[in-house]
Amino acid sequence: MMEEEVDMAVNHPPNEAHIDDEMMKMEVNLDDISSEIIGYVMDVLLKAGANDVYYTPIYMKKNRPAVLLQLLCSASKLETMKTILFRETTTLGIRYYPLTVHRMARSFRRVSTKWGDVTVKEGIMDGGVVKSSPEYEECKQIAERHQIPLQQVYEEVRTQLNRSE
Amino acid sequence: MMEEEVDMAVNHPPNEAHIDDEMMKMEVNLDDISSEIIGYVMDVLLKAGANDVYYTPIYMKKNRPAVLLQLLCSASKLETMKTILFRETTTLGIRYYPLTVHRMARSFRRVSTKWGDVTVKEGIMDGGVVKSSPEYEECKQIAERHQIPLQQVYEEVRTQLNRSE
Amino acid sequence: MMEEEVDMAVNHPPNEAHIDDEMMKMEVNLDDISSEIIGYVMDVLLKAGANDVYYTPIYMKKNRPAVLLQLLCSASKLETMKTILFRETTTLGIRYYPLTVHRMARSFRRVSTKWGDVTVKEGIMDGGVVKSSPEYEECKQIAERHQIPLQQVYEEVRTQLNRSE
Amino acid sequence: MMEEEVDMAVNHPPNEAHIDDEMMKMEVNLDDISSEIIGYVMDVLLKAGANDVYYTPIYMKKNRPAVLLQLLCSASKLETMKTILFRETTTLGIRYYPLTVHRMARSFRRVSTKWGDVTVKEGIMDGGVVKSSPEYEECKQIAERHQIPLQQVYEEVRTQLNRSE
Amino acid sequence: MMEEEVDMAVNHPPNEAHIDDEMMKMEVNLDDISSEIIGYVMDVLLKAGANDVYYTPIYMKKNRPAVLLQLLCSASKLETMKTILFRETTTLGIRYYPLTVHRMARSFRRVSTKWGDVTVKEGIMDGGVVKSSPEYEECKQIAERHQIPLQQVYEEVRTQLNRSE
Amino acid sequence: MMEEEVDMAVNHPPNEAHIDDEMMKMEVNLDDISSEIIGYVMDVLLKAGANDVYYTPIYMKKNRPAVLLQLLCSASKLETMKTILFRETTTLGIRYYPLTVHRMARSFRRVSTKWGDVTVKEGIMDGGVVKSSPEYEECKQIAERHQIPLQQVYEEVRTQLNRSE
């Protein structure tokens, strides 16, 4: 799931469905860098505005179990991402190509639980809510504060969500 | 191996080699859905006409071991695939880009074995057969019916194939 | 690298090399839980005293791309880990078996850099230092505070380390 | 999740929690066999009574991306599994070691939905239900028969489950 | 496939099937070392007598895509392997546990092809040959010398093998 | 790291940074071929001029743990690569699409160590050296000739490099 919307305000008017053809996929193969640094770079890229960053295990020549770093960003962020990748990783070459992203319409609502309110992100198709996803960070905080399993928090949010429909 | 031809009739005139530049690659990152549902979606997509669907293990932020769903389809199937992905998965965004596929010429023949006939798909280059692949489902049925190892069925088909050349 | 020593005091007398045969490996296959929760469980287990927790992508029946959770802990922690795994994941069965861990002797030292001191963990064999590893969290803080690449911090620590030998 | 109980009758008295130390883990590295056959072997092993079978991508010498087949079975099934592995795969050596499995107490109940009843498997700890898992095959059949997303079926089962508590 | 027999002479009397319970599995998690060095270590371990060495992609804490190194060796080689792992990798801890290996009886034969003879390793069960595997290095040399696809060499060896039976 | 420059002469004038938009990514899914052959194909492709070749573990239909072969090459090499892929693998279809590569300026220098000189490749940004990478094959030869850990060779090269700056 792309999470470009994590910092969007709740009660925001629904985001319209739209097709974004100004996106770039960037790729770097990493075989001469420690995993500690690879783990660090992910956060740097996300903070600088990447829509998504993910790692895939790959196998390169000379029996090297390596890592493919991929990221998605708007074309306007291309140079920013390049600078980070060249500074923070060992790569000497960065690949990229444009792609299109179709984003579903989405809205946010607040659901009340016995432990407080939780934001739920909803996906909308043909005017109806077809999926709803409780906000991870809020559920996590509740789980930690109340010493209950995270699954139980999600379960409770979904129960209240169904009751309110 | 792409298997868009699985339901093509045997004795079909050879498929010509051709370059298809009307293909799309679609991609979705899945990190908030159970594997049970991911396994199910593959079949739904294949039945709806995807040429190929495959999963890659990826690593996303917050220590999430997630799944990259990729599929290949003709550009004309794009909307059909989007609808399934939005309905059956948790994703709110689908990425895609065009690509070209070069397909080798292929033909099908029947090979006789002691357990019955088996279809073999052949790849043709410069007028000659350069590879041949016994049809999996038929070999599997023979293995199950006769309680013999699947490898032995493949082996026998290949032996008969060599004898007939 | 096992990191059971992360909270050990610097200037601690060297940890002796030893063979620990009171360790357990625990394993759980996860195919009906979202990656969000899997990512969360890792931290819970580490905080509760697991020596190491790691995930491996596996492929289960019915085309399910799933996750194998493995953890290492001392035998005395077995029940604690079971309780967390049963509470926080969907599993109904936990596998485990004993194993032996041979730990190299190690010591900690402080290295001065232009940005402040950094702890370095050293591995000792036959009385000599055979490897040294700058402490990740300290290097990361320097990189963030001074807006420099993390690699440059590691490099500087290693340079100072060589100079002081 | 281990699924040795898939064919257990509904309304079965709750399975007691227990520790089973008569289990075996078996392992085979596969680097000279096609994926078609690897996919087939999984079903053969499960039908013959393996508790679980799963594949892990591994990297072997000479740049070979290979597969580690692992299976869990009771010690009494060891010879049966060996025979299948030697017959159906290319391996000349099979590794195995004993392990312990702690199984949570579990019970089964039936939940009514607008599309018919669905079995739900429950995990019980300290006398209380701590997790519940709708039976996949039944949900899948409903999804296919009624042409609705599989997620919606799970959602409905969980809603009815919460209502009945 | 375990390849402890790679340097066994052709025309060797068949190796008897046997159960070896003097084997060890060793494991190391690697998250602070470059892939270049990981690829190198595999050869060092194999040359020193490991029966098998393989890498699995794993996910460790702090978003680190890391590598699990596993090796199989006879218990008598344990100290040799430890020394290499401590010298050549960054690990400060090595895990290990005993396991049993059941090895199929095997024999070697020579098969004549138009490009020269090739060794074929055979697996024997209940007195009969149940699998046969052309020796990779010999087939590779033929493919390179004669500029033909490697698959064609294997195919030819299998054809001649079937003819000679 | 892309290694198209492995055979470039040392003391070569620095390679200018440049953006190459004449590159192609090629992809093949492999599910009916042994890992032995997949490992072999990598070398054939690299020798024929591929800039990079790497394998990703994927999961295909019918529970097949398969391999995605990806390669990067200049558009002018497209037909050469196709011929190899059709000859050496079982695929009947090859996918490809253009992408852009931004290559950092790079230069090579020689560093003296107690075991002889080693080539170091440097990446240059805004006129300054931002990364340096000792040549793997040379370090490996030193490690083998002098029976020292490969890590120690890298460490020594880096120490000398820092001293000379």
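Order of writing sets the chain letters: A, B, C, D, E and F. Residues in each chain are counted from 1.
One rule holds in what follows: a contact is a pair of C-beta atoms (placed from the backbone, for glycine too) under 8 Å apart; a residue touches a chain by one contact, two chains touch by 3 or more.
From a predicted model like this one, the values you see are computed outputs, not experimental measurements.
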Chains touching both chain B and chain D, listed by label: A, C, E, F
From chain F, the most remote chain by mean C-alpha position: D
Residue-number overlap at the chain D/chain E interface, same or different (half cut): different
Between chain C and chain E, centroid-to-centroid distance (C-alpha), Å: 30
Inter-chain centre distance, chain A versus chain C - centres from mean C-alpha coordinates, in Å: 25
Distance between chain centroids, defined by C-alpha means - chain C, chain F (Å): 30
Sites on chain C at which at least two other chains make contact: 30-33, 36, 40, 42-43, 55-57, 59-63, 65-66, 87, 90, 97, 130-131, 136, 149, 151
Chain A-touching residues of chain E, taken from the complex the two chains share: 30-36, 38-40, 42-43, 55, 57, 60, 62-67
Interface residues, chain E side, partner chain D - complex: 1-2, 23, 25, 42-43, 46, 52-57, 72, 97-104, 106, 121, 123, 125, 130-131, 133, 136
Chain A-facing residues of chain D, complex: 57, 59, 61-63, 65, 130-131, 149, 151, 155, 158-159, 162
Partner chain F, residues of chain E touching it in the complex: 33, 36-37, 40-41, 57, 87-90, 136, 140, 143, 149-151, 154
Contact footprint of chain B on chain F as seen in their complex: 29-32, 56-62, 66, 68, 82, 86-87, 90-97
